[in-house]
Structures are given as structure tokens and as C-alpha cells.
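First the structure, in the form of C-alpha cells, and then the observations on it.
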Amino acid sequence: MYHHVKKLMYTVNIGEPDPRFGRMLLEQFGGANGELAAAMQYSIQGLNCEDPARKDLLMDIGTEELSHLEVVGALIRMHLKPMKRDRQAAEDDPLVAVAGGGGVALFDSMGNAWTANYLKITGDLAVDLHSNIAAEARAKIVYERLIAFTDDKGSKEALQFLMSREITHMRAFAAALESMEKPQFSIGVIEPTPGLVDEYFNASTGESQYGDTDQVGPWNSSNGLHTVESEIEGGEGLSIEPYTPEPGTEKTSPVDSTPVGQFTNGAGRKAIARHEAQAKKVGKTAKA
Amino acid sequence: MYHHVKKLMYTVNIGEPDPRFGRMLLEQFGGANGELAAAMQYSIQGLNCEDPARKDLLMDIGTEELSHLEVVGALIRMHLKPMKRDRQAAEDDPLVAVAGGGGVALFDSMGNAWTANYLKITGDLAVDLHSNIAAEARAKIVYERLIAFTDDKGSKEALQFLMSREITHMRAFAAALESMEKPQFSIGVIEPTPGLVDEYFNASTGESQYGDTDQVGPWNSSNGLHTVESEIEGGEGLSIEPYTPEPGTEKTSPVDSTPVGQFTNGAGRKAIARHEAQAKKVGKTAKA
Amino acid sequence: MYHHVKKLMYTVNIGEPDPRFGRMLLEQFGGANGELAAAMQYSIQGLNCEDPARKDLLMDIGTEELSHLEVVGALIRMHLKPMKRDRQAAEDDPLVAVAGGGGVALFDSMGNAWTANYLKITGDLAVDLHSNIAAEARAKIVYERLIAFTDDKGSKEALQFLMSREITHMRAFAAALESMEKPQFSIGVIEPTPGLVDEYFNASTGESQYGDTDQVGPWNSSNGLHTVESEIEGGEGLSIEPYTPEPGTEKTSPVDSTPVGQFTNGAGRKAIARHEAQAKKVGKTAKA
Amino acid sequence: MYHHVKKLMYTVNIGEPDPRFGRMLLEQFGGANGELAAAMQYSIQGLNCEDPARKDLLMDIGTEELSHLEVVGALIRMHLKPMKRDRQAAEDDPLVAVAGGGGVALFDSMGNAWTANYLKITGDLAVDLHSNIAAEARAKIVYERLIAFTDDKGSKEALQFLMSREITHMRAFAAALESMEKPQFSIGVIEPTPGLVDEYFNASTGESQYGDTDQVGPWNSSNGLHTVESEIEGGEGLSIEPYTPEPGTEKTSPVDSTPVGQFTNGAGRKAIARHEAQAKKVGKTAKA
Amino acid sequence: MYHHVKKLMYTVNIGEPDPRFGRMLLEQFGGANGELAAAMQYSIQGLNCEDPARKDLLMDIGTEELSHLEVVGALIRMHLKPMKRDRQAAEDDPLVAVAGGGGVALFDSMGNAWTANYLKITGDLAVDLHSNIAAEARAKIVYERLIAFTDDKGSKEALQFLMSREITHMRAFAAALESMEKPQFSIGVIEPTPGLVDEYFNASTGESQYGDTDQVGPWNSSNGLHTVESEIEGGEGLSIEPYTPEPGTEKTSPVDSTPVGQFTNGAGRKAIARHEAQAKKVGKTAKA
Amino acid sequence: MYHHVKKLMYTVNIGEPDPRFGRMLLEQFGGANGELAAAMQYSIQGLNCEDPARKDLLMDIGTEELSHLEVVGALIRMHLKPMKRDRQAAEDDPLVAVAGGGGVALFDSMGNAWTANYLKITGDLAVDLHSNIAAEARAKIVYERLIAFTDDKGSKEALQFLMSREITHMRAFAAALESMEKPQFSIGVIEPTPGLVDEYFNASTGESQYGDTDQVGPWNSSNGLHTVESEIEGGEGLSIEPYTPEPGTEKTSPVDSTPVGQFTNGAGRKAIARHEAQAKKVGKTAKA
């Protein structure tokens, strides 16, 4: 159950409204890595979580992000104000100006409506914590770029507040993941195939016109990995032990099926016969 | 530049086609955490990357995921075959059966068209590596669930292959991130606000009908954090030092602006006057 | 600023989980007329509202809807539980079962991701209240249909609670609109064209194979309206006084412009000449 | 069955083309509250309607909106013309200029493709009429804002025509709803819970930094409502009589279920055992 | 199975970066007719194709388009560079600048995320080849417009390369379609209804304000067609022989069904009775 | 300007309603290749067309498709009827049943909302006619599959009517394209690069596990084409004459730019210095 108090978590003050900067800021209101995305990702993970301690964590941070949504909304609203009356300002984002009357709404800086496709919710707690750590990193870098694109001191300060909190949350999610004491690369419960899992596959090779080359880095040899060359380049390929079905159990051949689109359920038998006759002729042509 | 060879990276063999399982598998073809999403996320990060070593890593794995897209596509196509002619099978996913003729296409298990909104590409290498680690964790758990939902040995083996590779990639991305030698919670270049960044905010409290309580975990006290209670619950709140603009520099008041929707640029002055008169009356009513 | 308490606003209890009904219920979690849509529509209207009294109303109801989101989420989660392990249940919504691990997420009953395109936010307070009244009516009818599709007593009771609140909100929004004392059909500040605005246009006529006929109802003659027949059917048409530009001021003819697609900015002059020669010939053919 | 005559319902004439205004106008062609949205919402409600009189109304207005789509399309096309050749004009909306050759298409002013998610169609006639009244109010305010953003007399006149018709339709839909003689807050057929339905819940309280306070308006006391304070703020809360299942009938506990993500259907038993052992240790840590 | 070599298929060189042109170019990276759309459409048709010869064709061209995606991506990245630091450049596409750090991503020129809704994949080989011919024609015209909008010689050359290849592919797809030796208007296997299929229906008539008239062209009389006038205009209409069900077999009347929205499954019987009484009264009113 | 008459263009009669078949039919109402897509694609091309003869054609067919939308809507509505009351029927498409009250709406068979992303409108008349020919082919094959999936005679007849008309339209669009007398592979006005345009690029080679091989077909040698092997496979590659900028005119190097994500506009200089020091160390590690 939620309660709202009218006091904003951070008191927003700005100088001159800058509607183009306001539009940029929409990234953090209705954008892919914005405050609503954060609030929803964590809160809904929280609804699903049956570990009461980490559920509490998810609800704590999910709720704080709702308060941030309000703060960034207040900041944006101040910057967008000129869009209400000023034709030139309105040209920059007519969806805000004409359809929205100059107020904030759940769009990003290019007018894309917020979508739950932004969210990463798998219902596996450890996986979700990984997703949340990455989400906080993304939100942090976006705030940093916004700070770099304005000179307005009040805006910079508000964004600095919001940006700092992302690092707080990143630390908290990392602590929660560590406290689960799962080995670093253990996800879920089914083990990966030994041997195969250690093979780093070199699928991009050669040299580009701009000096890029086939390089070697720690990812070729650390965390238990070693490099395998692609058979396309004459390498040995991955050490796959293919599944060999016992005779008679493999019932679906990839080659004998009716081509997609030629079924009829009884309709047009004559047409099919004619079509098949054609197909034969075509086959000959193709192989000739 | 890409080259394709007709040999699949993994030889797929299945027993009886199971169209409903085929539909589930679409999650990994055209779904949010599927092979196209992985291929595109890493390859496009690679296009943008100017660190040649890690660019190579991104292109290696991005290209391998394209080969996986082909493998999982072959697996799905075998399972979907009955949708071509069998009305009952077709009912389960008419978009595949009727519009797609029973073949695979870039939809997930509920028929949602694949969208680039699934991707996480920020152009900051360290952040992108965080996103990739999380993406691999998600792909792994989805493969694991698919394995659990089939008894077909050939399908299980193919999925085991694909699942194992996600862990390989997770290890490689982690090695790449570690090799950048950034401190664990350092994202971008602007430092978070000291003090404030250490405060874990307790925004969800109390007890639920089902026994959930306000819990304490490592996230309240490790990674430099300590807990702060919300002012809504009588706590001290976050230690925010609000920006106090020098007199005269704060030019945009949040309260004095024309209400959204009441501008006219010269149209309907008379109507506005009448409207404002009304608004006054309303105000009185409201406060009464 | 928001605070969350762990106690649900309504204590949910159900009998046997019914995953197919759980899927139906997703309409009110991540669907077009569901609780998140309501919470976001009212709260964001509230952020934009500069009438402090009605802003309070919008925040009151927007916040209550967040609490409802949590209640309906708890209800759905209980019904979806079998999707975690039961293959048959999982077939019904593989997006929930395979990608989401059987938990709730922001999808509707057909797996569509929630989108802000569902929201109606114009920044004009009176218009927004009209939209909210309609939104509550829609939410009410959807809850009613859900009640009709289950026999589970606990689910029926929870839905009855949520459904009742929609009527409460509908009454409150209507009271707020009435208290603005705007005439019933006065929207914004620009007056509609007198005369023209009174003409009901009869654009659909005749008789169908199923007995539908051209009918007359109160909408043809009340609220100041009278009926006008279409000129296509030999009627007089709407009483439009077309704008006749003073000679010389009308600078853009709809007929003299270069056809779309035939510009080149200097590229391919020769090709254009050839193309235009062709076009002339075609014209002759067409008119022949 | 439809027929088209080449004569536009309104003769459009403009002065100087203004491509940026043309882009704004796209809101009413392919936008959320535009003419296609209106045409489709009413016409499809009409297809579903089994009250022949109101079905006629829905088809009349739905068809008129198609004619408006054509009028606004003609107006926009004139304004967009410079996008065909003029690089500067093209920069403003490259989707129109480069992909569409400078013509109109079903996009809004920010390039969003029209989507049926804009429509509100419930199949309940009274509810649909509510939605239509609100839709007309929104279309009216958007036209009004467009009029305010141009000085071109011909455009202003065309928009005035279109805007006036929205009020006509609003009156007609209101007349149709009134003629159904349903009580104002009666939606569908199931009654809301008495008592509970009268309680206005005060979910947002306190004072903001900008002077917003917890206000009282007619919505707290008219239409049968009275105010209830939230239990979070020490109030009595809503008068909910919770459903108390008879012992034995409540079969689904919200707490005893397997956590989301830990199922395996037989895969990886050993891994689960190891995982559960871990989980126990984590629990201790968390509560410590 | 895919392999990537670092050498670009075409060596891109540009003069001064032009971020607004870079934004236009995004149409061919993440846009509806761009290189990813082409790569995916052909490659996935290829996965489904069971004619090995034409499957090879689809994989050849699908793979080449992936290499083009990389070329156009390199071109765009050079043009977008100023968005990384330059506030004015960043204003033009804040989604690229702020969320994407100035790199390319799968968005079009207006920031729309790439969607598989752009693709046309039916699983019928001949139909798919028709779709591919049209797709190449569209890609060609978009490249042509882009060439017309820049003066940068290096960009023009790169686009000329990409544009030329679309014509190559168009020729190849046409050759593949011709080699199937299907009659020009034979699609699938069910024959259209003789007689009816020859009737061109004149559904748009009259004269517009701008001189448009009801014209006659080859489409009224060639390819076996002749013109039929609409019954709405007094014509004879299409020569439809309606299906007349044998008495007793036609079980679903379009008029006797319960109106949408009035079902209850046992809920609210009393309310329904009251509602039906009302409905009767309304009916009277309507017909009066 | 449009007029609607209540008579359907085709009298629909069905036997037993079949809600699952009704759901399949939604493909042709609100689906990617359905009647609304056709109506909108042609009508909006018509709005933009400045060749009056072919504009008439586009409006004729666009309007007829609107009448088809109504026919297929009537057919679907009859089949969906049981969804109003029957829980089992409702489970199949809860979006229709619960949100839509069992009526038709603009969704496809998997509940995807119709989107203008389905449309292909370029504003180049010849290109648009190519797109329309392909669109009719797709619509034809979808109707054919629907006919194959039902035994209901009335439904089969109605679909046969609609399917036949697609072939009529395909013939008319082909006649219109032919009458423009453009050479078969001439699109727009800029010529493709001679030589290069004749090279068929063999980007997919080798042999698959299932017997697929590198084949030769007419597309390798007709329409002026000949085959070129990829340099990745040791071939000569395409005959590209790369643009060699005159010294000094090539101002943007692809390698010297600041890596994406490392800009600051003055913020955090100290942090950058530290970061760059780190980056150096990383570089060493990577190359080691």
C-alpha cells in the first residue's frame, strides 16, 4: 500500500527554462533507462519475490524511484514551460506542446511512448539482481551526460542528487547478490556442459581498413576460458558432441516436410498437382 | 563483413514435433532475451566501440549469437511443422500458422514482434559490459526453463548446447570488465555526492498480512551503506543539501506559470476572460 | 514523495489457483484499462496540474490506484503459480511461464507489453477529467466481466472491492468537473463556428441485409442539433462558408507541385529528363 | 459499404507552406487523438453495436471522421511540400522527407506510427459513449492549440471547421448516452459495494515546498462521497469487510509457494540441493 | 553458421561530419526499409525455405545485407560524432546523444525502435519473392533521396554503392520468381472466383475542388479486367452470387445475439432486469 | 469525402460459430496483411498521388478495402459470439472477451494492436505499386490458408469472395505499373553503378548437415547478372572502386575520435584524468 506526501524528495530550483534541455531530460522520465523503468522493474520484481528480506530491498528502492520520478518530472516541467505558448519552443517537441499542452508525459526525448519492453524481470532473484546492477549503471551514465549538457546550476544539482542515488542502489543490489553466496557464474540450477563452456569462439577475424585486428585479451584466457578457432577459418571449431538419436526415435526430418505454404486441407487438389508439376520443372532449371 | 556457411553450428535432431513447445521456444528466437537480441546488442556495441581489443570481443560473441539464432530457428521450425496443416496445432499460434505459413519469424511466444527496445546499448563500454553480463544471465535462465518443459532428448541436448554458451559469454564479458580495472561502483567520470551516496533509504516499512516485515540485510550496512529512515515515517530523511540559488538567478517558479492548457496566442481573449472569471469562482468553492 | 507499507490495501485469499483466469486478470495489471494505466494517467496529470485543489484529487486517486496495482498483482500471482512447474499451464502463456518464471509482469492477457499509448493526458484539466470519467467506466466494466468469468469466491470478492472503487473515483472526477462550472460542451477557449456546430451529418444511410436502417434518435434533434443530409445522397451538405483567400495570398496550390518522389537536388538530371518524357507518354495512355 | 467522392468535405487553401506547422498537424492525422483514431473508434464500435439506432449514430460519425482525415491530410500535404527538396525542411522530419518522399503518412508529429492502442472500444455501449465524449473533448483541445500556433488564415479556417465538428459530435454522443436513461454512475450491471463506494480515500497528504497542501473540494463530499484518512497516516482506512474463507476452502497460500525461478521439472536435482543449502545460509545472514 | 571479418565490404570516408545528415541516414540502419530489415527478411525466409536452390539465394542476399548494415553503420557513426560533445548537435537527436552516447543504434531517423513489424514473411516462396522485389525498390528510392540530401562526396559514393546493390538484388529476386514459372497472377493454389475476379470496382467517383476526376486507365480494361459501377452510385455492383445456406444449416444470426457487454454469467440478474426495462424505454425514445 | 451505406458488400452467413476460427480471422481485420492495412496503404498513397489517373485507381481500391473490412468484421463477429458468455471460449482470446466484450477490434490473431508500421508508403508511385502488388499477393495467401482451416461453408464462401478480389486488385496494380512504361529494374532517377550492379555476390557457401549445398540458379546468370565469390572464401569480391578523397578533404577519421561515452563538457576533469590513466594500464593488459 502506498502513501504520497506533497513534499518532493528534492527541492527543484532552476534558472532560465531551457525547453530543448527539458526534452533531453524526458529520457529520465519516460525513457528506457528512466525513473519509471527503474520503479517498475524493482517493484514488480518485489511483488514476485518470496525471499522476504530481498523483497524488502526491492520495495525500498522501487518506491524511492517513484519519488525520483516526481523530482525529475518537476524539473522537466519547469524547463518545458515555454512550449505552452512559444511556437519556436513548441516545434522542438510538438507531441509535448500540442497533444500534451506543454506538460510532462510518459515519452522519451524522441517522443516514444514508455513501454514495459524496457523492463527486465525474470522471476529468478539472482538474475534479476544482475539486471538491476546493470540498470543502475545505465541510469548513472545517462544522468552524467545530462549534467554535461547543461550550464544551469539548479538543474545540475538536481541531476547530481538523482545520479548519486543510482550508485547507492547499485551498491545495495550488489550487496544483495553477494549475500546470496552463489558462485560468480552460476545461474539457475542446470550446469553448463563441461569443456564446451570453457571455449571462447573466435568468430570475428582479420584486419579492417581502419587498423582493427584480431586481438587477444583476458577474455581469451581468464575465468577458465581458452580460444577456439572457427571451422570456417580452418579451425577445429567448438568441441560439440552432437546428440545421436537411437535409430527410430528421430522422427522429424528437417528435409522431408512439405514446403511452407503448400498445404490446403483439401482445397484445390487440382491446383496443387499443377503446381507440383511446375515445381519439378523449376527444380530442373535450378540445378542445370 | 559477414560470410555464411550452410553448416549449422549444432546439428539439430528431434523426435516427435511438439508445436506448443515450438511456440515456447520462440522466446529465444524473436523474444526479449533471445538470440537476435543478443546478436544485435553485442554487434552494435561493437560497431560503436573504439577500444579495438574489446571491439573484437563484442564482434566475436555478436557473430556467434547469429549462428545460434540459426540453430534455435532450425529447432523451432521442426517443432512448428504441424501448424502447416493441422487445425488444432494452428489454433495455438495463428500468427505463425496463418500469416507465416507455419515457419519461424521474429515473434516471441505470445506473438509480439521483436523490437529494438529489448536492447541495452549506451555507448559506455563498462556500462555495456554490465548490461551484457545481465543479458547472458537472463538468456541462461530462459534456456533452463525450456529444458525443464520438454522431454524430447534431441531438443534438450540442443538447448543444453545453447545454454552452455551463455555461461561462456558471461565469463568473457566479466573478464573484459575486470580487465578495465575500474573500481566496482565507478560508472562514468562524475563522482556521486559523498555522504548522500552512502545512505540506504528505507522507503517500504511495516508488516503485511502474509508475514512480510521490514527486514535488515547486508545491503543496509555493507558496501559503505547505512540505513536512513524516511521522514514520512518520522525519520531524518536523506542528507540532502538543497541548492539555494543566489537571489535573482532562480528565474522559474514552479507556481506562477500559466496552467497547462490555457494558452491561446491571441485566440479567444474573450473566452479566456470568461474562463478566468469562472476559475476564480471555482477556487472559492474548492477552498470552502 | 512516496512511502510504501507492506500491508496490502485488501487481503487477498483464493481457493484453487486457476492459471487461465490469472491470465485474464492480467488485463487489470498490465492492460489498457488496468491499474497501472489508471495510476499513471492520474498521477502524471497531477504532476502537471496547477490548480492545487484538483491536483490533490489527482494525486489521491493516482496513489490509490498504485495500491490497487499491488492488490491485483497479489491476486494474479496466486492464480499463475501452476505456470512455474506445470507444462500444460505454461502453454497458456509462455511469456509469463518461460520468460517471467511464472510471476506477474507488465503484460496484458495476450502478452502485450504495457505502453503509455494507453494514457490520455492533455494538460487541460477539464478535458483530462472527461478522460478520467471514461477511464473509470472502462475499468468498471472490465472488472465486472472478470467477476462473471470466475466461480472462486475469494477472487470475486477481491474484484468486487476493486470494481467498487472505480465507481467511487468516477463520482469524484465528476464532482471535480462539475465544480469547474464550465458549460457542458465548452472545451478550451475557442468557440466553435455557430450554425455549423449544430448540424448533425447523416453520413451513413440505407438498409442492410440484416434489417439495419437509417434511424432517428435524440442525437438528431437534441442538444441544439438538427440533421443535414450528405450531398453524396443529394442532400444540402454542411453549411460551410469556405475560406476564400484574397487574390495573391493563396500561394500553395494543391495541384502544381512536383509529384512526391521526383526530386533530385541536382542528382540525375538526365535521368529526370528521360523520366519526364516517359511520364508524358504515360499521361497520354492514361487519358486515352 | 463505403463510397468515396473526390470532392473534399472542406476546400483547403493555404498561404505559404510551413513545414514545421505541417509536422505539428500530423497529430491530427496519425496521432493519438487524430481523425483516424476517431474514425476507427466509432466505426468499429458501430460494427459491434446491436442497438440499431445508436449503431447508425456511430456509423454516421465514424464515416464523417474519415472525410475529415482526408481534409486534414490535404492541409498537411500542402504544408509539408518543401520537405521534398529542401534539405533544411527535411531535417525537421526525415521520416516524412526521406522515407515518405514528403507526403503524409500515418505518423504523429514525433514520427510515432499510428497504433490501435489509441482506441477505446469495450463493447459496452454506455461505456463506449463515455469514451467518445472524452475523445471529442481531446480532439477539440488539440485543434485549438494548433490554431493558436499558426498565423496562416487558410489553415486557421480549415482547423476551425474541423474543431467545430468535434463539438457537434460531443453533443450527439452526450444525447445518445442521456437517451439510454442510465443513472449517472451506473456502469454495467453489477452494483458496487454499498458503503465502500462512498468513501473518498485521502492517499496524498502534507505540504509541498511550493505551497501545495492537502485540500478539500466538492469531490470530498458531493455525489454521496465522504473522506476517509489512510491508515498509513493514522486514519481509519477504507471500510473493507475482508473475505474470510471457510476453513479448508482457501487452498492457495501466498507464502508457501516455491520461489519463482526455482523449478526444474526433474532437471538438476543435485544443483537444487546445493542451492537450497546455500539459501539457508543466506537466510541466516539476512536476519543477522 | 556465420563468420565476420573486420574488413568492411566498402571503405567509408567522409569529409566534415554532418550530424543532421547522420540522423537521416538512420533510416537505412534501423528504419523500416533499412539494411537490418532486408537482412532479417531474406535470412528468415531462407531459414524457412525448403527449395534448396532459392534458399541459397535468400541466404546469399540476406548475408550481404548484414555486411551493408555494417557499412551504413560506419558511415552514420562518422556523421554522428559531434553529438558526443556538442550540445547543439545533441539537441537534434537526444536519444542518440544522451541515451546512446552518440553512437548508432537500431532506431530510425525519428527515434523509432526497429520492429519486426517491418518484415514481410509469409512462408510462401513466390509471395515472399514478390515482397522482396518491392522491398528492394523501396530501399533503392530511400538511398536515392539520401544521396540528394548531401553534398559530401564520400557519403554520396558510399550510398551509391549501397543503392546499386539493391538493384542487383531486385534483378536476382525477379529471376528467381520467373524461374518458378508460375503464371503472373497465380498466387497459392486456390483459384479466384471466375467472373468476379475480372471486375474492376469503381468505388471513388466525382470531381474534386482541385480538378481530380473519375478517370479511366489501363487498369480498367487490361489484364482481363472490366469496370463495374457501385450500386451506391446506381451501378450494377459486383456480380456476387451470395451463399444461400440450406434451411437449418445457418445457425448464427447476426441480429439475434445478446448485445456485446450485457452478459453476466449469473451476476446481477436484478440489475439486468432493470437494465432491460430501461432499454425498452430507450428503444421507444429512439424510434419516436 | 466518404459515404457509408448499411448494406454489406457481401452477405455473410455462417453455421455454427467457431470462436477459435474467429480469432484466426482477426489476421484479416487488424493484422499485418489485413483489410485495414490494405485500405490505409492505398488510400494514403492516393492522398499523396499527383497523377490524377492513378490517384483514382488508388482511391477506388482503397475504398473497396474499407468495404471488405466491414465484411470480414461481420464474419468475425459471428464467430466470436460465444466469447461473450462462455468461459472456455473466452480463454482463447481474453483481450477480445474481457476487454472488448466479445466484439471485433483492431487486433490480430495474437492480440497485437494494429500499427501503421505494417504499411509501405514511399510517395514514389512506381515503388508504391510494387509494394501494392506484393501486398495483394500476401493477402491472397492468407485468405487461402484461412479457407483451408475451416469447414464452415458460409465462411468459406465469404473468404473466397474476399480472396478473389485480391487477385483483381493485383491485376489492376500491375496494369497501372506497366502503363507507366518504366524499364523493369528502373527505380527512381539515379542510375546504379555499371558493372557493380551486375555482380551476384555469393555470400553463403558450403554444405549443411541436411544436404543443402551452394547452388546455381537463373539468378546467378540472368537479368544481366553474373556470380562473384566472396573474398572471405578466397574470391575476388565485388568490383568496388573505392572513393579516394583528395588529400585534405577527408576530415573525419574513423579511428581518432573520442570513444563513445567519455565526454564531459567540463564536468569531472579530475575523474577523466584518473580514468585515462586507468585506460592506459588496461590497454597494456589487453595487448599483453
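Side notes on the structure shown:
We call the chains A, B, C, D, E and F, going by the order they appear; numbering starts again at 1 in every chain.
Following the convention adopted for this analysis, a contact is a pair of C-beta atoms (placed from the backbone, for glycine too) under 8 Å apart; a residue touches a chain by one contact, two chains touch by 3 or more.
Source: prediction; values computed, not measured.
Minimum number of contact steps separating chain B from chain E: 1.
Although chain D and chain E share one sequence, what matters here is the overlap of their interface residues, and that overlap falls short of half of the numbers used. If you average the CA atoms of chain D and of chain F, the two centres end up 27 Å from each other.
A straight line joining the Cα centres of chain C and chain D is 3 Å long.
Between the CA-based centres of chain C and chain F the separation comes to 26 Å, rounded to the whole angstrom. Among the residues of chain B, those touching two or more other chains are numbered 1-9, 11, 32-33, 48, 53-54, 56, 59-60, 62-63, 67, 74, 77, 87, 99-103, 107, 110-113, 115, 117, 122-124, 127, 141-142, 144-145, 147, 149, 179, 188-190, 203-204, 211-218, 232, 254-255, 257-258, 260-261, 263-265, 267-268, 285-287.
By the touch rule above, chain D contacts chain F in their complex via residues 1-9, 30, 36, 40, 44, 47-48, 56, 59-60, 62-63, 66-67, 70, 73-74, 77, 99-107, 113-117, 119, 121-124. Against chain C, the residues of chain D that register as touching in their complex are 3, 5, 7, 9-17, 32-33, 52-57, 59-64, 67, 74, 77-79, 81, 84-85, 87, 100-103, 115, 117-118, 120, 122, 124, 126-127, 130-131, 133-134, 137-138, 140-142, 144, 147, 153-154, 157-158, 160-161, 163-168, 170-176, 178-179, 184-185, 187-190, 192-193, 196-204, 211-219, 222-225, 231-232, 238, 240, 242-245, 249-252, 254, 257-258, 260-261, 263, 265.
Listing the residues of chain E that touch chain D in their complex gives 20, 23-24, 26-27, 31-33, 92, 108-112, 141-142, 145-146, 149, 203-209, 212-214, 230, 232-233, 255, 257-262, 264, 267-268, 271-272, 275, 278-279, 281-283, 285-287.
Touching chain C in their complex are the following residues of chain F: 1-8, 11, 48-51, 53-54, 87, 90-91, 93-95, 97-99, 101, 107, 110-113, 122-125, 127, 179-182, 188-191.
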